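Next up: some structures, all given as structure tokens.
What follows is chain A paired twice: with chain B in the first complex and chain C in the second.
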Partner chain A sequence: MDVVFNQVFAGLSFASILLIIALGLAIIYGTMGVINLAHGEFVMLGAYATWALQSFAGIGVVTALPLVFVAVAAVGWIIEKGIVQWLYHRPLDTILATWGIGIILQQAIRMGVGAESKFVRGPDWLSGNIEIGTLVMSNYRIFVIVFSVAVLTGTWLLMTRTEFGMKLRAVIQNRGISECYGIEAKRVYSVTFAYGAGLAGIAGALITPLFSTIPTMGTGLVVDAFLVVIAGGLGSLVGTAAAAMLIGEVTALFSIVINDTLGRIAVLAGIILLIRFRPRGLFPADTRR
Partner chain B sequence: MTNKLSYDIIGLALFAAVILFGVPAFFGYDGFELNTFSRYLSLAIVSMALALSWGTAGLLNLGQAATFGMGSYAMAMHLKLKASGEGLPDFMGWNNVETLPALWVPFHSLTFTLLAGLLIPAAVGGLIAIFMFRARIAGVFVAVITLAFLVAFQLLVIEQQGFTGGQNGLTGLAQLELFGWTVDIYATSFYYLVGICLMVALTVGLYLTHSKFGLILRAIREDADRTRYFGYNVANYQTVIFCISAGLAGWAGMLYALVLEFASPTYMSVSFSLAIVIWCAVGGRESVLAAAAGAILVNLAENRLSDVFVEGWHMMLGVLFLLVVMFMPRGIYGVIVDAGRALRRKGGGDAEEPAYDASLKSKQEG
Partner chain C sequence: MEHLSASNLYSYYGKSPVLQGVSFDLKPGEFLSVLGRNGVGKTTLLKSIMGLTDSCRGELKFGQTDLLKCSTPQRSLQGIGYIPQGREIIPRFTVRENILMGTFARADGKRDIPDYLFDMFPILREFISRRGGDLSGGQQQQLAIARALAMDPKILILDEPTEGIQPNIVKQIEDAIITLNRERGLGIILVEQNVPFARAASDRFLVLDKGRVVLSGTSSELTDSVVEEHLTF
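Up next, the complex of A and B:
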């Protein structure tokens, strides 16, 4: 039984990281219909930025979070301005273009920093474990879970309680009419893309103490995160959170019942079935297109 | 239309002349050089197969590498059995597999292998297609489902070590014996075998795109609903082209396993699958000829550039691809067609023929 609880906790911590990555992806996809395959590389950039801040400036992971957010958001903003904004009328081509961007970013890191894996130390004040009976929870993973809930809440507040969020929701519902009311959709798009990229950067910073930092670390994550977005439904924050939970937990629990790989295969098969029978996701948002 | 067909036939003839006569003469009939080139030719087949489903019918199949891998494993299983003689393939011993799995037994037969490499991928492609298109799944969701299938399939192949050799794949293969002729992959005759396979595939592709079937597929690409209202069963057409495309990919996989003398799960990786999409997009997805040429050109460039810029070629590939997507959405083919049209307008002032493939970028289902 204790194995199950530990797996549930492991699944929860994986799900919370997946949630932050998928949230950025979901906002970008929900707003612009852009499938951003470079999102994994934004995660990777965030991880490398954290590594650079720690090894050259001595800034810890937690302190680095806002800096990393700004840095990766800036990269995202430039990419949106330079490339993505020209492709909004060709949604399938954005898959290809962002894949190309991903290759370039990955190769830039490989040439600039090197292909060997980098090590980032977790913060000392979060180094211990909390033990409840046989359940062992590392403090850092608890911090990650709490932080992801905070990010989710923050994004929800941004979407529902601010003027920018209102504009964003208007553009999601109908770009043409919201432009008639004086909303600059192009600006909303750029800021949204940058925000999504920044979230990916934060996720990258958070996983540095848990995963090894290598140039290809984003590729696997983006597939998972993308499946979360599709499963959760377009532009639905609740759906994204629920799907991240579901996929994280199911992967973790399947891996005790069968094994890791078969667990992943089962999750993928489940997602294929979900898209087939509920193409608008678990919790489709009410949008008019 | 007939005009268009004659251009394509001229194009095919030129292509055949270059591939079957030009290239061997250029390399002085040197088997080793031609061996690398026959690798490109087998990749050209999978690229043109993608052009059939993506360019003609508008179905972006990101799982093309899965059916390609099935073909390569079918061929490799036959050759592995041949190399092991009466005994079990070596990796099965390492994984404590005592008897030959039932899945492997029929691959003793060459006829079965050749058919399986073509028909198993086609059947799998067909099943996925029926599953998707009956529900009218379109656009981005086709890409996502095929991508998820690809990832799941690759994981399965790596996981089932006892059956597939796991991460190492199938190595140490025997030489193929085709009706009494031992295939030596470093001989010019092997190059011609692959070249002729490519030409057959291209002829099939050209026939399909110029038939009424191809016309309906283009109609579906432009507007699936309208085609449905005309009374065509859209799902059936999509399923058939998906099947054919998957079968051709499997065929290419068989040749690829022959050229490289092993089959590996990397043939089924996401990056390989997207590489196929890159070749197809660079050449031009609307024309099977252009897609095949794109595969050959990109691989040739990759080979040459990676010699000179060991680190940087990957970056160049990314930049090239990005530029193609942004500025040449119809690939090299689009540039040639546009140039040809501009020349004709300047020269004769002919009545502008409505371009049947001009509006690819106007509408993509989202």
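Up next, the complex of A and C:
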């Protein structure tokens, strides 16, 4: 039983990171219809930015979060302005282009920083554990869970309570008429892409004390994030959150009963079944376009 | 007040020119009706004013501003309120959010919704928190007009605002359009199939056929023989 509780907790902290990655992916897809295959590399850039800030400037993981967000958002903004914005009317080509961007980013890090794994120290003030009976929860993982809930809430507020969010929702539903009412759709797209990239960067920063920082670290994470987006239903923040929890937990729990590889297979089979019976995910938004 | 004028305007979808050398002129506070059979380019004319076609050549000016050099959002900020065919309100926005969206095109950046909108269309006050997509066609049309008015426009361009709308609301909408022109001094370009209304409401009219202006004049010149020749099938 102890193993189960500890795995549930580990699953929860992994799900939290997955949630932040999937949120960025879902916002970019939901707004522009772009399947961003470079998203995993944005996570990786976030992790390397955190490593660089810690090793060269002595800045801790938590302090680095806002800096990493801004830095990766800036990279996303440049990529949107330079490449993606020219391809909005060719959705299939955006897949190819973002995949290429991902490869370039990965290789750039491999050549510039090196292929070997980098170590990032977790913050000292979050180093201990909280123990309840036999359940051992590391303070850092608790911080990750709380922080991801804050990111989800912040994103929800941004979408529903701000003028930018309203413009974004208008553009999603009808770009043409939104432009007839003074909304610069191109600007909305750039900011949205940058925001999604920034979220991926934050996820990369949060994950550094838990995972090894290597150039290919994003690839596996982005696959899980795609599963979350598909299972959760497009355009739904609630769906994304629920699916992230589900996939994080199921992965964690399966790995107790059977080994990791079989656990993955079981998760994938589960999602295939889910999509068979709910093709638009758990909580689909009522309409798009 | 600005003057909207087009001269020798060509407008394209892809490579095919839908408007071919259209010229017209809208003085401040004037009411112009655009008539013609289906598929002659009436909607395209309005879309070209907003910059929604693929490309345009010729001249299109609003006051001193060259509209052909402006993006669609910049054109709206000049004070051109567009009420498209099919209304195109945002279905998942509430009535309030739909009207508020109109204020995004205000040049002064204010975000207040003028009260007179609700006196003109009381149903919108009653349904202020409903979703736009849940309204009836006629209510959506009133909402689309209110949204355009919320931007405090100088001119309104309307594309068949009474098409497919229940008769009791048609009258309300027609009265509102006339009031806006006569009492609030808004310039209006109206694409319309209903000749009697166009004749009663407008100062001038133009008839399009195959992308060209084939006839224009004052509304008293919109006689039955004109209708017979250009507008009946």
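The definition used in the following text is that the second predicted complex is superposed on the first by the 287 of 289 C-alpha atoms of A that agree within 3 Å, B and C clash if a C-alpha of one lies under 4 Å from a C-alpha of the other, contacts with A are read in each partner's own complex, and residues count from 1 in each chain.
Note that contacts are C-beta pairs under 8 Å (C-beta built on N, C-alpha and C of every residue); 3 or more make two chains touch, one makes a residue touch a chain.
Bear in mind that the values here come from a model prediction, so they are computed numbers and not experimental data.
S.K.: On the A-aligned overlay, A:169 touches which partner chain: chain B = first, chain C = second, or both, or neither?
M.R.: second
S.K.: Who does A:271 touch here: chain B (first), chain C (second), both, or neither?
M.R.: In the superposition, A:271 contacts chain B only.
S.K.: Check the residue A:110 against both partner chains and state whether it touches chain B (first), chain C (second), both, or neither.
M.R.: In the superposed model, A:110 contacts chain B only, not chain C.
S.K.: Is A:181 touching anything from chain B or chain C once the two structures are fitted on A? First, second, both or neither.
M.R.: Once the two structures are laid over each other on A, A:181 reaches chain C alone.
S.K.: By the touch definition at the top of the document, which applies to A:87: first (chain B), second (chain C), both, or neither?
M.R.: First partner only, chain B.
S.K.: Count the residues of chain A touched by chain B and by chain C, then name the partner with the higher count.
M.R.: In the superposed model, B touches more residues of chain A.
S.K.: Touch check for A:100: first (chain B), second (chain C), both, or neither?
M.R.: First partner only.
S.K.: Which partner does A:33 reach: the first (chain B), the second (chain C), both, or neither?
M.R.: first
S.K.: For A:149, is the partner it touches chain B (first), chain C (second), both, or none of the two (neither)?
M.R.: neither
S.K.: Would you sort A:70 into first (chain B), second (chain C), both or neither based on which partner it touches?
M.R.: neither
S.K.: Across the two complexes, what residues of chain A are contacted by chain B and by chain C?
M.R.: The answer is that chain A has no such residue.
S.K.: Under the touch definition given earlier, write down the residues of chain C that touch chain A in their complex.
M.R.: 50, 52, 71-73, 76-77, 82, 84, 88, 90-93, 97, 100-102, 104-106, 111, 147, 151
S.K.: Which residues of chain B touch chain A in their complex?
M.R.: 60, 131-132, 135, 137, 139-141, 143-145, 147-149, 151-152, 155-156, 158-159, 270-271, 274, 277-278, 281, 311-312, 314-315, 317-319, 321-322, 325-326, 329, 361, 364, 366
S.K.: Would you tell me which residues of chain A are touching chain C in their complex?
M.R.: Chain A residues touching chain C: 163, 166-167, 169-170, 173-174, 176-185, 286-287.
S.K.: Would you pull the chain A residues touching chain B in the complex into a rising list?
M.R.: Residues 33, 35, 83, 86-87, 89-93, 95-97, 99-104, 107-108, 110-111, 219, 223, 226-227, 230, 259, 261-262, 264-265, 268-269, 271-272, 275-277, 279 of chain A touch chain B in their complex.
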